Amino acid sequence: MSSANVRVEEARQRRLETHPPLTENPADLDRTDPARHIAETAEAVRNWGRWGEDDRLGTLNFIGDAERAHAATLVRRGASFSLSQPFDMNGPQQGWRRRTNPVHTMLDTGTDAAAGTQGFPHGIGGADDVIAMPLQCSTQWDGLGHIFDRGLAWNGRHAGQVVTSDGDLITGIEHAASVISGRGVLLDVGRHLRPETGELDDGYAITVADLESCIAAQGATSAVGRGDLVLVRTGRYARALREGWNGYAGGPSAGLSFTTAGWLHRTEIAAIATDTWGFEVRPNEFDDAFQPLHQVVIPNMGLTIGEMWDLEELAAHCAADGVYEFLLVAPPLPITGAVGSPVNPIALK
Amino acid sequence: MSSANVRVEEARQRRLETHPPLTENPADLDRTDPARHIAETAEAVRNWGRWGEDDRLGTLNFIGDAERAHAATLVRRGASFSLSQPFDMNGPQQGWRRRTNPVHTMLDTGTDAAAGTQGFPHGIGGADDVIAMPLQCSTQWDGLGHIFDRGLAWNGRHAGQVVTSDGDLITGIEHAASVISGRGVLLDVGRHLRPETGELDDGYAITVADLESCIAAQGATSAVGRGDLVLVRTGRYARALREGWNGYAGGPSAGLSFTTAGWLHRTEIAAIATDTWGFEVRPNEFDDAFQPLHQVVIPNMGLTIGEMWDLEELAAHCAADGVYEFLLVAPPLPITGAVGSPVNPIALK
Amino acid sequence: MSSANVRVEEARQRRLETHPPLTENPADLDRTDPARHIAETAEAVRNWGRWGEDDRLGTLNFIGDAERAHAATLVRRGASFSLSQPFDMNGPQQGWRRRTNPVHTMLDTGTDAAAGTQGFPHGIGGADDVIAMPLQCSTQWDGLGHIFDRGLAWNGRHAGQVVTSDGDLITGIEHAASVISGRGVLLDVGRHLRPETGELDDGYAITVADLESCIAAQGATSAVGRGDLVLVRTGRYARALREGWNGYAGGPSAGLSFTTAGWLHRTEIAAIATDTWGFEVRPNEFDDAFQPLHQVVIPNMGLTIGEMWDLEELAAHCAADGVYEFLLVAPPLPITGAVGSPVNPIALK
Amino acid sequence: MSSANVRVEEARQRRLETHPPLTENPADLDRTDPARHIAETAEAVRNWGRWGEDDRLGTLNFIGDAERAHAATLVRRGASFSLSQPFDMNGPQQGWRRRTNPVHTMLDTGTDAAAGTQGFPHGIGGADDVIAMPLQCSTQWDGLGHIFDRGLAWNGRHAGQVVTSDGDLITGIEHAASVISGRGVLLDVGRHLRPETGELDDGYAITVADLESCIAAQGATSAVGRGDLVLVRTGRYARALREGWNGYAGGPSAGLSFTTAGWLHRTEIAAIATDTWGFEVRPNEFDDAFQPLHQVVIPNMGLTIGEMWDLEELAAHCAADGVYEFLLVAPPLPITGAVGSPVNPIALK
C-alpha cells in the first residue's frame, strides 16, 4: 500500500471510529429520512482519493494481473455461459426517461440480394444493419458517471464538470475497456432463500445476513473478497421469462438492501451485478426515494454495477456442480464518454 | 466425427480429387475472371451440411469446451488487452452504404444534475445515454448472414429467406453469443515482413506463404489449428493512429489474398480477424471486384470474420515476450437478428 | 384530357359496365372473403396509367395551379391551424413493427452553455438536437410506396423493384414535396353523427351515406370534388386527449368503411386524412384482415393518405363559423426514398 | 400598442439616444473586439419583454391574422415551390458537433413483400421506415433556444433553465407550430450584385446598403416590413448543386454582415432565411469569432432564422415575372422541446 493510500485508509479508520456503525438491519432505517442515512453511509464507504486524484476506475482497481491469472485457473471444463439478455424490441423498456428497447434496422438485406438490386459484381450480395438504443436498454454496466451524490461524481469531482452533453469527459466507460475480467462469484440468493421456486418476492430487501448465509450455504467456492466480480441472482428475470416483463423495468423487485453498503465496501469487491433492472430493492426502503444505494455506492465508493443480467443458465450449472466461482470476462464497449455500456458477459467454468 | 460428417468429408475429398488444386500464388489469378475463381474456390472450401442442416455457427463449431479449457491455461501473467478501437464520431466511417460513425447522445447529464433540474429526491442525480450506430462502424464481427454468394447464404440457404428487413431470421449473431472464446493466435505479418516499420504497404496481398513463414518465425506458440481464433496484424491501424484515417474505411490496404481461402479452410480455424476495414487486400485482386474472399468464406465456409480490431498493444506485448497465443474472449452483443456486432475483444495472457 | 387519358378512361368505363357495381353498404360484405372484395374493388378503382407510365404522384395529380389559386381565396380571416399532434415520447406508439415514439436528444444544452463548457468565444452558447423516429410515429402522410397489393405497387409496378432497403426508388415521398397544398375540406363526421359528444364509437364504419349526409348537413362549403384534400374527423383523437391513448395506435377505432373506395375514387379527391391511427375502421370489416382499404386505395388508386392528424381546433372553428373549406398546406419532408413523412399540416381560413 | 409595449419602446428609444448609433459599414468594425460590438448591438436590438414575460415566439409575434390574410392574396397563379433541400445521406454534414446527414432505414420493404415474408393476410404488403437525424441537418429553422448570449436565452431567461438535456422547456419549437406562415419576400442579392452568375463570393458580407439596393432594384413587390418572412439568396447553394458541397456546412460563404442587425430589428420582420449553412457571412467579421450575428439576433431580438433553404427554383420564377412576394407557409414539426426543426417551406405565388 502506497503512503498516500495509507493516509487515506487512516483517515477512513478515524472517521469510522468517530461515527456510529452503519446498521445492517433494514428495520433500523428511518423510512422518513433518506437524506441522513445516505449522508452517513456515503461518508462511511467513501473511497475518494484511494487510487489517486486522477482515478477513473474506482473499485475496478481491486482487479490486478494476479487476480485475473488466478481467475483463469478456475476454468476447468471450458463451459461457456453468456449472461446477456437479448437486445431487441421485445425487451422490458417502456419509455421511462426516454429509454426504449433497441431499434435494429437493416441497411441491406438478403431479399434485396436475391432480387439482384444491390449493384455488386460477380454475384456477391450483402446485408448490413444499424441500431439505435439506450446504453442501458438491456444487459449493461453502469459507468462511474451514471450517478451523482448531491452534485458530486466519483472521486469528489463536480458532476457538471464530469458529464456534459458531450458525455462523460473523465470517467467515460472506455477507460474500463480492458479491466473488467476476473474471478466471478455467483450468489444465488433466490435459490438459497427460496429453494422451492428459486425466486424472491418483489420488494424483498436482500440483507448482509442473507448474503453471508448464502455464501455459507453454497460453500467455499462462494467466498467473496477483494477484486471479485459478484453476481447476485434474485430470480426476477426467471419470472419475467415465464410471465412476461410485468414491470421488470422500474417496477417492484427484490434487490440489495440499502444496508448492504458497508458489506459492499469492506469486502473490497470490484463490481457487482444482478438479474434485476435496478440492482437495489424496489420499492426502495425510504418513503420518498429513488435508488439511494446507487447514490451511495457509485459516486462515493466508485463501485461498478451491472444490471439486467441473465444468470439462469449459469445458476443452474452452479447448482448442479456446486461450484460458484468462474472466470468472468465482461468488457464494456469502449464508447467514448459513455456513462454505461451494453455488455455480453461471458462466464467460463 | 459423426457418420454424417464422414460423408460430408468424403464428398469434399472426392470433389477435391476431381478439381485442380486451388492456386496459392496470387500471380496465377486471372484478374479478368473473378466469377470463375470464386466459383472454383467456393466449391473447394464449402462446408455446407458439415454441422447439420440446422447449423447457425459454421466454423465456430470447431471450438468446444476442451478448446476453451486449454485456452484458459494460456493465461499466465493475467495481463489483459482490449482489442477494440474507440466507438465515437472520430471514427473512420464516411457514409458509404449509410455507414456512419456512432452518434452518442445524452439523455441526462451532470450539468443538469448540478443545475438541479432533474426532479429526483434526496440529492441523487443521474446521467444516461443513447447511441445510434451501424453494427459495423468500428471493431466488429461479421455474422454469417452478412454476405451471400450468388443468392445463397451460409449452409446453402436462400438469402431472401435468411435476411429480410426483420433481420437475419436464422443465423442472427445472437446464436454466437456464448461461443466466441478460445485460443487466440496473433500472426503479426506486418512486423514479420517489415521488421523496420511493422506496416505492410497498401495493396499488399498476404499469401499462404507469408502466413506460414510468419508462423515459423514467431515460433511454436503461433501454430495455427482447429478451433483457433486467428488475428492477423497488417499495421494498417498503426498508420491510421499516426496519420489519420486516410481511407481506412474502404480504401487501399494490405489484407489477405484471395488465394488464402484454402489455408483458411484446411487449418480449420474457428474465426479470423484483422486490423483493417476489410480483412482482404484492397484493391481486390480482380479488375472488377468487391470483396471476393468474403463471398467465398462467409457463405460457403461459414467463417466468422472480425474487422477493425486494434492489435497494437497486444502485438507489442507478444513481440516482447515471444508468446503469440492467449485466451481470447470476444462475445458479440446478442442483438436479435443482427448480421454483425460491435465487440470489445479481450485477450488474456 | 389527353388522348392517352381518354383511352384509360374508356377502358375503365368498359370495365365498370361489365362488373357488378361495388356495394356501398357494409352489411353486403362477405366477412369471410376479403380477397374477392379486394380484387373486385381494386379493379374498379384502379388508376394505373391514368397519369402516364412514369407517374409518381397518383391522385395528387388532381391538384393543379388553378386549384391552389382557388384554395388561396378561401383564406379570409387569416386564422392559422396546425393539424399536427406532438412529436415526443408521450406519443401512442407501443413498438408494433418496431414503431417507437420519437426519441429526441440534445447534442448541446443551455445548462452546458451556462456551465461554460462549450468552448465557444465571446460568450456565445448553443443548443443542438437530434431525433430518431419512425416516419409514421405521429401525424404523417403515407407515401405511395407504403402499401402493396399482391406484390404490386402504385401504377402496377413490382413492389420489389420499387421499395428495397435503399428506400422507395421510384415513388419516394420527395416527389410530392411541392404538391400537397390546395383546398381542404373538413367532414366532421363525429359531430355530425354524434352531436352530443362529437365522437364515434370504436369499430364504427363510416359509410358513403354518412359522408354524403355530413356534406349535406354541413352545407355548401363542404362540397367535395376533384383535387380536394379531405379531412375526416371521427373524434378518436379527442378521446385520446381526454382519456389517454388506450390503443390509439392499432386498436379499435371508427374509420372509413371498406365500402367507401368507390366514393374516394369517383370524387377524384387528391388526398384524405383522418384523426385516427389507421384511416379505415378497426377492427376491419373482414374476419381475417389487415387494412384492406389501404390495399385497394394506395397501390391501385394512387391515393395519398394522412393519419393521426389533430383536427380538434380546426373542427371547433368550422363548427363555430359554419365554413368547412380552407387552404391546406401540408408538405411532406422531402426525405429521399421515404414511404411516409411526418408533417405539420397548416390550415388557413 | 399596449401600455407595456409603449414603455418597452420608450425605454429602447432612450437607450438608443444615449448610445452611438450602430455602424452599418463592415469596415467600421474592430475585428479584434467582438465582445464590445456584440454587447452594444445586442443592447440596441434587444426585444426582451416586448411581448410579455411569458413570450415564446419573439419576432414571430409580428405575424397576425391580418398579415396572413393579406399574404394569401398574393397567390395569383397557384404556382407552388418547395424550398427544401433533400434529406438524405448525400447531404452536406461532415460530423461537426455530431451533426450527421440523415440516416433513413427501412423497417419493411417491397422486396420482402414480394418475397412473401411479411405474414399479412389477403395479399397486402407494406413498407415502413425510420430516420435518425440532427434537427439541423438540412433545411431548417433555428428555434429560439438554439443560441445563448453570455448565458442568457430569449427574453432574458437563464440558458440553463431553458434548455436542459430534456430539451427546450420553455421556447421549444412546438410553440411555433401554427404561426410561421405569411408574406414571403425574396431578396435575390446574388442575382442583384452579380447578375452574370447570380452567386456571391465566399466571405462576402451582405450589408444594409446591399439589402436596400436589392429591394430598390427588384421593385415594389420586394418592400420589406413588419411581419414579413424574408428570404435572402446568396447563390451558395446553386454552386453546391453544381460543384458539390465543398465545405457548404461550416466553410466560407457569403452571408449577412454583422452590421445588418439594426436593419433586421427596425424592419420588424418576423423571420429570415438564407440558402447558406450559417445565415451570416463566413468567415465571420471578427478575428476570433463564432456566429456573432446569431448571438445578437436569436437570444436578444428573438428572431427566428432559417438555414440551408433551396431558393433556386423560386428565384428563377421571381426573376422571370418580376414579382418577389408570395404566400410562404413554413411550419416546423412540433417536436416537443426542440431547438430547431427540419422544414419543407412552401411558397405559393
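Going in written order, the chains are labelled A, B, C and D, and every chain counts its residues from 1.
As a convention for this text, contacts are C-beta pairs under 8 Å (C-beta built on N, C-alpha and C of every residue); 3 or more make two chains touch, one makes a residue touch a chain.
Quick caveat: nothing in here was measured; it's all calculated off a predicted structure.
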item: Selected pair, greater C-beta contact count between B-C and B-D; value: B-D
item: Pair from C-D, B-D or A-B with over half of its contact pairs in common with A-C; value: B-D
item: Separation of subunit A from subunit B, taking each centre as the mean of its C-alpha atoms, in whole Å; value: 29
item: Distance between the centres, which are taken as Cα means, of subunit C and subunit B, whole angstrom; value: 47
item: Residues within subunit A bordering two or more other chains; value: 98, 103-109, 111-112, 114-115, 117, 130, 132, 160-161, 164-165
item: Subunit C partner contacts - residues on subunit B that touch it in the complex; value: 103, 105-107, 109, 111-112, 114-115, 117, 130, 132, 165
item: Interface residues, subunit D side, partner subunit C - complex; value: 34-35, 38, 64-73, 75-82, 84-88, 90, 97-99, 102, 104-111, 113-115, 120-136, 145-151, 153, 158-165, 167-168, 174, 177-179, 181, 286, 288-292, 294-295, 327, 329, 331-340, 342-346, 348
